[in-house]
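Take a look at the structures listed below.
The following pair of complexes shares a single chain, chain A, combined with chain B in the former and chain C in the latter.
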Partner chain A sequence: MNLTKTLMASTALTVAATGAFAGSHADMADSMTLVSWGGAYQSSQQKAYVEPYLEMNEGVSATWDESSAEAVAKLRAMNEAGNVTWDLVDVVASDAIRLCDEGLAMEIDHDDVLAPAPDGTDASDDFGDLIVSDCFIPQIVYSTTFGYRTDLVPEGVEAPNDICDVFDLETYPGKRALEKRPINNMEWALLCDGVAKEDVYDVLETEEGQDQALAKLDTIKDDVIWWSAGADTPQLLADGEIFMGSTYNGRLFSVIEEQDQPVGMMWDAQVFDLDGWIVPADLPEDRLARVMDFLKFATDTQRLADQAKYISYGPARESSAPLVSTHAELGIEMAPHMPTDPNNAQNTFLYNYEFWADYRDDIDAKFQAWLAQN
Partner chain B sequence: MTDATSDPDKIEGPTPDNALRAADAAENLGGPVLAADGTPLKKSLARALRMQKLRALALIAPLLIFVLVTFIAPIADMLFRSVENQIVSETLPRTVAALEDWDAESGELPGDAVFEAAYTDIFIAAENKRHTRLGTRLNYELTGVSSLFRKSGRGLDDIGEVYLDQFEDLDENWDEALPWAELMGTEASVAAFREWEAAEDAAREAGRDFDEPIPSFELRADISETLPRTAEMYQRFATFMEVEEEDSAFEEEPWSIVYTRLYEDLRDGDMSSYDGPRAEMLQAADALVDNPDFETVTLQDGFEEIDEDWLDPEVWRTIQTYSPNYTSGYFLNAVDMQKTPDGPALRDEDERIYGLLFKRTMFMSLMITFSCILLAYPVAYLLSNLPMRSANLLMILVLLPFWTSLLVRTSAWKVMLQQQGVINDVLVWLGLVGDAERLVMINNQFGTIVAMTHILLPFMILPMYSVMSTIPPYYVRAAKSLGATNWTAFWRVYFPQSVPGIGAGSILVFILAIGYYITPEIVGGTTGTFISNRIAYHISSSLNWGLAAALGTILLAVVLILYWAYDRIVGIDNVKLGG
Partner chain C sequence: MPILTEIKKQPMSFTLPVVGAFGAFAGIFVGTANGSTFLGILIGFALLAALAYVALEVLGTEREKQAKWGIIGLLVVLGVLLGGLPGLVLGGLFGWFFGWLVYWVGMGRYRAPLPPYLTGGQVLWHYSFRVLCGAIFVFLITPILVVMPLSFNAEDFFTFTPEMLRFDPEGYSLKHYRDFFTSSEWQQALRNSVIIAPVATLLSVSFGTLAAIGLSSEHVPFRRAIMAILISPMIVPLIISAAGMYFFYSRIGLQGTFAGVILAHAALGIPFVIITVTATLVGFDRSLTRASANLGADPVRTFFKIQMPLILPGVISGGLFAFITSFDEVVIVLFVGSANQQTLPWQMFTGLREQISPTILAVATILVAISIALLTTVELLRRRSEKMRGLSPG
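Moving on to the complex of A and B:
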């Protein structure tokens, strides 16, 4: 929280305490604690809907907590301690499912709580399949995909445009950056080892399939730098440490367009994932009322389209897509940079939540053991 | 790290301890020594001593309580999770009891009683939203249980709905809340509800607010005899509605499992003599159940319909194996073992990781400690022997890293060590290394050791410096004047006196290093990570807190054992943090 916000918040408190403040929402809390990822993503949320909301509701303040990466663990600990201090938490879909499973997130009636599309379509239809859990309110679609150094592509060779180019060290020498977890990497490895896309998870269920994927990864293991923070790959690309690496598409957008680095996007076999809000279970009534009021505003069609002005993630509402305009500072059209753009989405994967909920512990143990062996 | 002189037994002079010893000695020589007031001296001294100890305890009490409450208790609570396992028996109490008689080795599925118990347990757990949590817990032991439980939470309704649909076709009242309540409840509670309903309607028509609570449901005594299973489950449903959902059995149709229970009661009993409320409705249903066309489903088939995995004895064996309230499972996991029917056994080779990580953590922490000793010793020597002004300047340089963020220091090493980094660039520019064979110095053990040595160096320099600055310079001068060479004077005179500083610094650095995880995570790659990285992963990502606690407990035990060994070999008295 920066200084002005602190001042605003304390002013609001003083005003409220002296009784001079008689807002129209007497039964709503005056402050919210929002949890997000920090960085460019959080600032896109701040600009697209938190600031407008605070302007509309004088005397209300919002505090950010940049804990989304550990949201499930922290929420569980808060719940055990009986003191949940968060009001709204931004998490990826798989975490939302886990939180819902554990009873830590509140189940939501999407049509009841969220605004309908401008043409009157119910919220649940507008979000469609992206509502992967009863507790989850999707905001954006992002993807994990590859970026490569355009200046390191060998002469006379086409720029990489196939996921299997990641495994082709002969044509495209140089290091790769991959995430230090099995999710996505195992799928890509199988895909490039001759497994058909629709069979990937059937194969990955079996021990042989897991070994097959690891064997394929083995072929490039010596040339891989394993990342654990989303900022790693952009940094490695910018420094020329690697030829290509996987990361979130928004990070690559900022390396390419905002920082002007010689980096290109490779969208083939990008893996879609969702990010959105959950409301912690059992909030006190006044805080819940405030959060619901904010949620309705922050996830309406226009607000989600506005967010795309600041970051290249696709809005989760179908009705928002036509409203996506240009980047707030660069002025370039955002639509072609969205992972959901038809040109980019020719060959895509959707994160398989059910499969990974079951196999995560098992495959991760194997994957980590494989990594630790030299 | 006590000092020899602070041991109360070795203080000479008039202390209660020594007086007590003197009194003891006197007693052995002759009769009891008496104090001025006539009580035996020993007694009055003991009292004085007790008073003194209590006063000392009272003085440290605030700190002691603070440490206990904010440090020891949470750690103990966390470590205790490594054996806790109540979740299975709390969520599936009937199933656990029913499984006791089942022999997992037989290779056969458990009997109907187990399916019956599991149906009830999982249904209730699902209503309480606890079934998926258990699924997550058991998924650590058997892959696939997580989704099995999630599916079953939804799917178990299908069993009851087979009966619900048929009863509803017979008489729509079976799918209504109030007729059910009339059948099951006391007349007084039903009448109270009707009164409340009328009052609410009146209030609504008059436009008034109405916030009287709904009267609570009471089960009629005779229905428990007529429909024992239905009554039990309906009572549970009614209580759940009131307590958990702030709703009422008068307004909600019962759970699907109640219909299954009703079917069972009607199948086994005869309703013709029943003459309570809703007798016709019940008797018609009884007749329907007795009709050979009545569709039934066995629980086993119902479970199979949800997921075929329920017919896998392995699922039941896992539930049985992990049903006790306390388990060694997490600890076995933490040492690369697992529970099997034949007792604990090593995991498959491609799944063993923790042993390797523990060994690696020990090895790298030792390496870091030794490189810290090598680098810190000359610096500390210089600090303690330079004139005050230049020593202060040097001291600031040593302390400077303390005031820099850990992440900044670690990231700086990234910039230095990476292949396109400063060091490689310089080497290539000097022509010592070819552009194509730049050195790999990061994302491996080397990177971790370099970065962590740098970060932990001050913890070695400071204790060394504080010990060295108390070593009188004239000892070395005396040695030299007696003919010792520089080396002998240093090695035989100076160095032994500086050993306590090395000891203190080593313990500090080693214990800090063993628990580090941020730096190894950033610069360690795959070969330079510590066990603490896995602990952090299980705490914040996989949420397997039991395993994290087990790993943490082992790490703590290892540190304590090493500390004990250090005390035995080197002696903790030889460790000094200051002059």
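Moving on to the complex of A and C:
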């Protein structure tokens, strides 16, 4: 008994000592600039792993830059000016793929750099298919899905629970908010125009398929408000300006559970997407060492599970899922609010990175032209 | 002897349509708020025309007081029926206005302050000119005023909640102000702004004043060209300057430093100082500096004792512009600054894009209050100094 105690204490001491040593390591820079999205998402990162990391490493400071929305453009400019001031950048997977292709992000050996799962599984197996690019370190799975005003559901009608209810103006009158880009909208339109789910991208490859999707969107065009920032739909829902609208599921969670608005969640045909870190290419030695040290800590199994205490996005590691617990302030179980929860994930899409990388420019142009018509 | 304009009762064929038109205009808003614009116009017209008829023909001027109170009462009741408590306030205001309008138009009182020889068209122009000016004023001020009550919203949205419209204390809260004063991000942004703006102002004022004085003496060659270059930051689109500065400052190691942001803001502020100081220098009598030199003062002493006090108003107002430019500036700082130099406008910009949070409105309200205080102070100082120098009577 005594022996175990002594052993445990000494282990703890050694761990603490190495931790302190790592903190004052001469080869590591003592400040980091992290780039993220601001708002609730950034504060979940701050609480789940930045604050704990800074506590462990005294003398290190972290600065946030809320520039993820224009990360690609800014990194290009920084690279051109030869002055990259960012150390770690939070981007969506499609941006990570672009940055990796352009050589602006550093390629990473996931098993080497990231911590293994508690049971010893390699990081690359733990993240699995979510590593969509050699430069990308996934953090969360989020989804784009619909929220609707519960008090505006017509009497005697069931609340919307089918993606095609978005296109059903007769049963569910009122404005809809859709994102001002073709991605997701085109898929939903085809799905509700009789195209089978597995054929959606085959159809969307063709001119006729694209026209078919736009024709379907045409049927509700007069009742659509187009959004471009994730905060728009929650604001419109709170205003009662729209009946239903698409946005990121974490934003809807915040509207429903934290802000207590009369809004309901419709998970049908939600589109999964990934968000994660990239490390800018060619960082100086000392900054790179610091970032890698942070990255290993911030993406381990427990830290990713902790993040789910603050926001309803699913952790990207398979080993984190069982550790997801309750909301830090509200105390409610978070698992049922995760987009990956089996009840919510009965009918889902995964953002098709390959398809959209190939067709985005064409379909974007077509979509914008369609938007401009009356 | 002042010319008296004859005031006489106007015929009903004039009064009823005019008053009715005002009613129709008000009806547009009431109607739209309640679902039918067209119906609102019709009802507004009919109601006001009827009220005008009753007030002028049945009650007349002898019972003007009762008629006006009657109109207020009627519209208050209508307001409560349509919109509850806010409707009561609005109805009262509408009633007060229309009561006055009916007699003002119907009894021809609108002609009283005008010379008697004006034609109908001139009278119409006289008043529509004032209404237009008022409308411009309203359009400039309303957006600022709307922000203020919204910043006390108890919810996290840019929305007038039903509780707010009912003046229910539950609907109001100071939480967005608390958020501003306790959030480390906002406080850091405030600190950065408070460091950057005054230093940039100091630099702009010193350099701008010197440049203006130098450029106003005749013997400087290429005065116009130099002036044009110095003023150019004001004319070149900001985004162009910003991109240029970004690449230039990156190469010389100023990008992402406080020094860089301050220099960039100083360059933006200098034109304002040059313009205002040059304008005051036009009225400056050069023989004063010669007299001072004649009495044995060196140029530096002459500048601080003679010239500076006389051009001070121009320097101060230029400095004020420079300060506001730096304090409000978001484009340059987004390029030249990095995460460590986030200023208030930067924070507001990103906050507005990613997270529509009313904290921004609270900050805006605080900034508006500061601006008003600042301008009032400067104006009071200016008046005081003019009075002391005897430039203006009283």
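The working rule: the second predicted complex is superposed on the first by the 350 of 374 C-alpha atoms of A that agree within 3 Å, B and C clash if a C-alpha of one lies under 4 Å from a C-alpha of the other, contacts with A are read in each partner's own complex, and residues count from 1 in each chain.
Methods note: a contact is a pair of C-beta atoms (placed from the backbone, for glycine too) under 8 Å apart; a residue touches a chain by one contact, two chains touch by 3 or more.
The shown structure was predicted, so the numbers you read here are calculated from the model rather than taken from an experiment.
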Quick one: chain B and chain C on chain A, clash or fit? clash
A:Ala73 contacts which: chain B (first), chain C (second), both, neither? first
Now for A:Ala40: first (chain B), second (chain C), both, or neither, which partner does it touch? second
Kindly classify A:Trp370 by the partners it touches after superposition: chain B alone (first), chain C alone (second), both, or neither? first
Thinking of the overlay built on chain A, is A:Asp361 touched by chain B (first), by chain C (second), by both, or by neither? first
Just checking: does A:Trp64 make contact with chain B only, chain C only, both, or neither of them? Give me first, second, both or neither. second
On the A-aligned overlay, A:Asn161 touches which partner chain: chain B = first, chain C = second, or both, or neither? neither
Could you say whether A:Glu102 touches chain B, chain C, both of them, or neither, answering first, second, both or neither? first
Just chain B (first), just chain C (second), both, or neither: which does A:Thr85 touch? second
Looking at A:Ile225, would you say it contacts chain B, chain C, both, or neither? Reply first, second, both or neither. first
Does any part of chain A touch chain B in one structure and chain C in the other, and if so which residues? 69, 239
Looking at the complex, which residues from chain B come into contact with chain A? 129-130, 132-133, 135-136, 139-140, 143-147, 150, 350-353, 356-357, 418-421, 443, 521, 525-527, 529, 534, 539-544
Within their complex, chain A touches chain B through residues 69-70, 72-73, 76, 98, 101-103, 180, 211, 225-226, 228, 239-241, 354, 357-362, 364-366, 368-372, 374
Which residues of chain C touch chain A in their complex? 155-159, 185, 246-247, 250-251, 255-256, 338-340, 342, 350-351, 353-357
In the complex, go through chain A and note every residue touching chain C. 33, 35, 37-40, 63-67, 69, 77-78, 80-83, 85, 229-232, 234-235, 238-239, 259
